[in-house]
Amino acid sequence: ASAQPITGFNLGIMGGENAQDRMTSNECYRAAIEAQLGVPVKVFTPADYDGVIQGLLGGTLDMAWLGASGYAKIHLTDPEAVEPVLTKQNMDGSTGYYAIGFARKDSGIASIEDARGKSFAFAEPNSTSGYLVPGAELAETHGKLEDFFGQVRFAGGHEQAIIGVANGDFDAGVSWADGLGDWEDGYNSGAFRKAADAGLVEMNDLVEIWKSKLIPEGPMVLRKALPQEVKDKVTQLTADLHETDKDCAYGVAHGEAMDFVPVTHDAYLGVVAARKLQETAQ
Amino acid sequence: MLAVQNVTRVFSGRAAVDDISFAVDGPAFVGIIGRSGAGKSTFLRMMNRLTDASAGRICVDGRDILALRGRDRRAWQSQCAMIFQQFNLVPRMDVVSNVLHGLLNRRPALATLFNLWPRADILRALEILDRLGIAEQAPKRAEALSGGQQQRVAIARALMQDPRIILADEPIASLDPMNAQIVMDTLKRINVEDGRMVIANLHTLDTARRYCDRVIGMRDGRIVFDGTPAQLSTGVARDIYGADHSFNEAATSTAIPADAIADAAYAARLMA
Amino acid sequence: MTAATLSPALADTVLTRFARRRLAAFAVPLAILAYLAYAAMAFDLAGLAGRARMDNAAVLLSDFWQHKTHVTRDNRSGALRVAIDGEAKGTYPPDRLPGWIATQGDATRIDLGQGHVVTYDAQGARYEVPGYGLIDIRPQDGGLHLTAPQPLPDWINASDSRVSVTTPAGRFAYTRSKVETFRYQPGWALFFFTLDSPFHYMSWPEIAASALWGPRLDSGLPNVAAMARDFWTNAMWRHGDVIWAMFETVLMAFLGTFGAALAALPLGFMAARNMMPFGALRFGLRRVFDFIRGVDGLIWTIVLARAFGPGPMTGALAILLTDTGSFGKMFSEALENIDEKQVEGIRSTGAGAVQRARFGVIPQVTPVLLSQVLYFLESNTRGATVIGAIVGGGIGLLLTQAIQTQKDWEDVAYYMVLIVLMVMAMDSFSGWLRRRLIKG
Amino acid sequence: MAALAPDDIRDAYLELTRRRRLYGGLLLVIFVAMMAAGFRLAESRNAGGFVDGLPMLLAFPSEVLAEAWQKRANLPGLLAEHLPSLVETLNIAAVSTLMGGLMAMGLALLSTRGLARWPRLTGLFRRLMDALRAVPEIVVALVLIYILGGGPVPAVIAISLHTAGALGKLFSEVAENADLKPVEGLASVGAGWSQQVGLGVLPQVAPNWLSYALMRFEINLRASAILGFVGAGGIGYDLKLAMQWGMGRYDEVVAIFALLFVAIVAIDRLSDHARSRLVRG
Amino acid sequence: MLAVQNVTRVFSGRAAVDDISFAVDGPAFVGIIGRSGAGKSTFLRMMNRLTDASAGRICVDGRDILALRGRDRRAWQSQCAMIFQQFNLVPRMDVVSNVLHGLLNRRPALATLFNLWPRADILRALEILDRLGIAEQAPKRAEALSGGQQQRVAIARALMQDPRIILADEPIASLDPMNAQIVMDTLKRINVEDGRMVIANLHTLDTARRYCDRVIGMRDGRIVFDGTPAQLSTGVARDIYGADHSFNEAATSTAIPADAIADAAYAARLMA
């Protein structure tokens, strides 16, 4: 509401890539915003995504690309802090990714029903695709997970969940992928692909047993208190990025994507609800 | 000049100094003797206002210095220098700086905090050190000096204060006989040449006899003797030190002994 | 004289003492062992032994000193890509492929060494393994057809959608979409110059020659400067950014430590029994110190991140805050242990409170305080690595990121070496300073 | 008595003061300039400025406390729920102090001049300790977590290694100052190295070593809580989860934090007390 | 029994012990005298194998003990007890434990590290302490004892070793005259009663004269005198200690002096 002219613009970028890689792949973007706004623009890449969230809540960061769960967290803490404006559209036109349930091929588990009474590994409690969404969906269809599975464990991360299942420490587990391409490649991107490429697991040994509904890609958010003119400029610049500077868009989107498309809070109602559910469940 | 009137100091119910009174007219060399715990240090500390008195007055030129507070008290301290048994110098600072500390009360606090002293002060400190024969030690750290040299630095600090009265609390107790003599001679010289009053606590009779114009004997906080050194007989000494105390003055003497006759004899016998 | 004169009571006391001590001599090690056994159970050491995958560890850790080159063919488009660690910035230009890859029309021949040869061609791909035979893969009817000597060994993992082969010489994987060969080679690839720098293709003597008298490769710059620039801006290793990050880490430690020392000095005086007459204030301050220290820098980082956002200042302030607690406590203890004689000497000249502190107290405590501060400077350099990871600054960020993303283990090794060197340098620097300042 | 003429002494001293003032002033200016420039640099690279942020300083704590107060009824239950994690953290700290301490004893004895078993190798053991000390625990822990999986063991190993280096240095400094006369006395009766060290040196250094080890235990307690943040188990891990979740679990944050804080302060004070008694005798 | 043959020890180019030879047949009390730096300690330390010799042989019953290595060397050390000027006890351990250390070479190392000693050993240690008159001190820490008592503990440790030879390196140099006498008497008694050889470095002539059967004088690493105490004339002593050294035997004497006549006289004068 109180739209004072700004003296600088701070951009927060979440993890998933090396800090330096993030810096470099966003350098063109930073320069473009700087040219557009006429104020110095700085990029911040905290290791822990809580760092970006605290920055947005405290008002020291003006803009960031977030995960869906991170956005939900900010919204639940302070609905007036940020607003979502754009999200990433994948090459197939979708704007999301999936949580994928999987097991060892030789375990005889081929569907989530087969995993009843077995041990099941989530990634970590704060992960959207590694726990929040699959936990909520599975609980909806199968009831209390502690009762449905023999044992519910947290592996500590996507990586550990995949390796844990491949090693037989858990009977089944869940991790994420974009759902594009082939299972045997570990899909086009996601945790499976990374593990397979690194030679940590052999995709032939694993089977997919479950797939979640589409989980929305995280939004690009802007601080609500920014002057409307600034918001418009940055949004416009980003929305046009795929048309104006293909290479730069590749860096900002972490890879191949079709476009950045507008998004509103409504797209995240599901994730927000899942978070609320978890909160009261514990 | 100095009038001590009914001064008392009570520590947790016991009087360390118990209603003492005496007066000194000119710039005398006053020695206070008495056994350990007699209240000698407590009295000197009250004079320098390091310890507060419980009752009584100490008048210097008619002004009761025990009543001074704050700035005035500090101003009095700067006129009344104190020399300690353990020298109480700042060991890690150099000799000249230690001497300059005598001026702390008279120079602007801020400048002193950065150890910035006017050139004239430094020159005066060097002069005083020269007078005491330790000018070559000037740039050394105080801790690098021998005990006798350190005590002379302490005296130099006292002189730097340009005091009316010098108080010395057992100034030679931690010195060897050689250095003790130098220090006492120095104090005496200051007393005679500059005409400053010196009050010294001493723990040996012979020193008191040799240097003082006037000797005050204390026991259990009270003055039990006040007179000239000549009046200080062995009987009086027994009184001061307590007769139960099997008294052997030699044991506490700091005089340099005559050649050990016995040793020499023994050696002669062997070498024969 | 004989034992007869020895009082039996004495012998008894001594003997019982020894018996008691014998008991203690066994009890203490036994207690320690019992505790360790309990801890081993509590930590599930047995289960851990089963879970630890040393082969995975080997895969990960070999990356510390090895690099792998991906030779990938997209089976749909037929495009060939040769890239170090599969990264865009490590991709070889098609005309400057390494010598062990030969292309001829559609066919690519990859020599993995020791007689292992992989060939991609229009029909599919073949892998010749010495001592075993030929592995031949062809796509057929939407699946893969594998021809290889039977029975299949366990280092070949095949289904009709994916075949992968792992040998000591490298890894090979064929799926419908692509075929990929990984060759592992020791060394940190592209450490000095990346593939787009002309200097990458020179040997060391050539580089030296080029630096000294070679013709200018970049008309704007002398060759030495161009080399420095190419090294400094190396896109794979980013030496420039890394050095800057190290500087930022040291900066956080420096600001935090000395800032805390400056803040703690007056507070320490206020919390020392012999300097502060008001007991309540002293007690209060001490509890504040306990609280600040007890909370720990990491939590402070999170609290401060809300107010100041990410960045090195937040990290420095977090260190400053924590250390103010530690220094406050340590300084006040040092002040309580001072020699009162010096203060009294200063007091007797009529000096005020501040002057007494300056001349009676400070000279005594400086060596103690200084050595504590310098000791903290060194350990905060290590601490700033961790804090930096959270506030998004310094070498710590690079390190934790490289570990979390798991593909850049050679970067991890590089950063670790640098951190160890940095901490050692700070250690000897603070040791040197300590000796200089305290003696001087 | 005076070897030098008073004038020379005076000039020399005045020259000395001038030089001291110059150097002292320069040093002060350099230090102040470095602090100021460093701070400005850090601030310019920070997202928020120092002055702007100050009013926000209490925003986060008050948010947390407000929610915790609202849900204060949950606190006792949460405290009980996280107690096992606290015990795990304490165990991590204790085990790693023990193991690190034992390693440090060995390293210290092997690298102390005059005591070393192999005098030629003292330099080697010293460098080894330096290296162990220089590696931050978190680095070792992060690498080990990838090999061994999450849990307390990577933390124990990481902290033990660091402790071995840090304590080893302190231990060997103490041992260096030990009186060697008893050792020589034992050597003269034909005692072996282990006997000379065990009976001649250890009793002398034990109080100081123990005191250092207790201090280290305190430090390790913090370290193990921090390593929990990167997935090494214990109460730090619980704290991180609750903290990252944010709003909605702040009551849990407060409960965990209270547990950790009370434990740290209690141990801090206990070890302070024990140490002052040990060293005084 | 003991034959020292051409033993030399060189420290950085200088010979501290220079080609010395002598032989002792029975269990004599041998005193070695000489001024500081003469090489006395070095010789004893070589005998105990704490210091290696540069050349020469020391034969005990025909065996060259300088050639022993490892276990054998330690076994020899256990038969040849050493008593040091500074006692070299473990100060924080109790007296009995210190005495028991004499057995370290003969008991299993692990057990000794845990302070496990057979009952018989403990009783024997107590007996020895009793014989030396300090049994009541048994449970105390060594550091709590006076110098003379500590030296007797060191002798008890030596006796615990049941040694064939006792080496004593200036055993009374840090003791007061009273304690010195007790210690020397004890050593003499052991020599006479048990028939063990004692070799003692002494720094005073009178002690050597009083206790030794044989005196060896060293100077600059060489033996300059070897004979009975009776042969030790002042001229010889001058030789041993160096004539340039203005020789005053009394200055180093540890004999308890006759009452200090001078002091007494002085005191009497004062008290009159």
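Each chain gets a letter, A, B, C, D and E, in the order it is written, and its residues are counted from 1.
Simple rule for what comes next: contacts are C-beta pairs under 8 Å (C-beta built on N, C-alpha and C of every residue); 3 or more make two chains touch, one makes a residue touch a chain.
Quick caveat, the model's predicted, so the values are computed rather than measured.
With steps allowed only between chains in touch, the distance from subunit B over to subunit D comes to 1. Averaging Cα atoms per chain gives one point for each, and the point farthest from that of subunit E is the centre of A. In this structure, the chain pairs B-C and A-D differ in their number of contacting C-beta pairs, and the larger number is found at B-C.
Distances between chain centres, each the mean of the C-alpha atoms, put A farthest from subunit B.
Centrality by C-alpha centroid: the chain sitting nearest the overall protein C-alpha mean is D. One simple way to say how far apart two chains are is to compare their mean CA positions; for subunit A and subunit E this gives 83 Å. Rounded to a whole number, the gap between the C-alpha centres of subunit B and subunit E is 49 angstrom.
Averaged Cα coordinates give subunit A a centre that lies 82 Å from the centre of subunit B.
Remark: subunit A and subunit C have CA centroids separated by 27 Å (rounded to whole angstrom). Multi-chain contact residues of subunit C (touching two or more other chains): 51, 53, 56, 302, 306-311, 389, 400, 406.
The residues of subunit D that reach two or more other chains are 45-48, 53, 56, 59-60, 149, 243, listed in rising order. Touching two or more other chains at once is no residue of subunit B.
Those residues of subunit C that touch subunit A in the shared complex are 51, 53, 56, 59, 86, 157-159, 161-162, 164, 166, 171, 175-178, 182, 235, 238, 241, 302, 305-311, 389-392, 397-398, 400-402, 404-408, 411. On the side of subunit B, the complex with subunit D involves touching residues 96, 115-116, 119, 122-123, 126, 130, 133, 135-136, 138-139. Residues 48, 50, 73-78, 81-82, 84, 86-93, 101-105, 109, 112-113, 154, 157, 161 of subunit E are the ones that touch subunit D when the two sit in their complex. Here subunit C touches subunit B in the complex through residues 341-342, 344-352, 354-355, 358-360, 363-364, 366-367, going by the rule given at the top. Looking at the complex, you find that subunit D touches subunit E at residues 179, 181-182, 184-192, 194-195, 198-200, 203-204.
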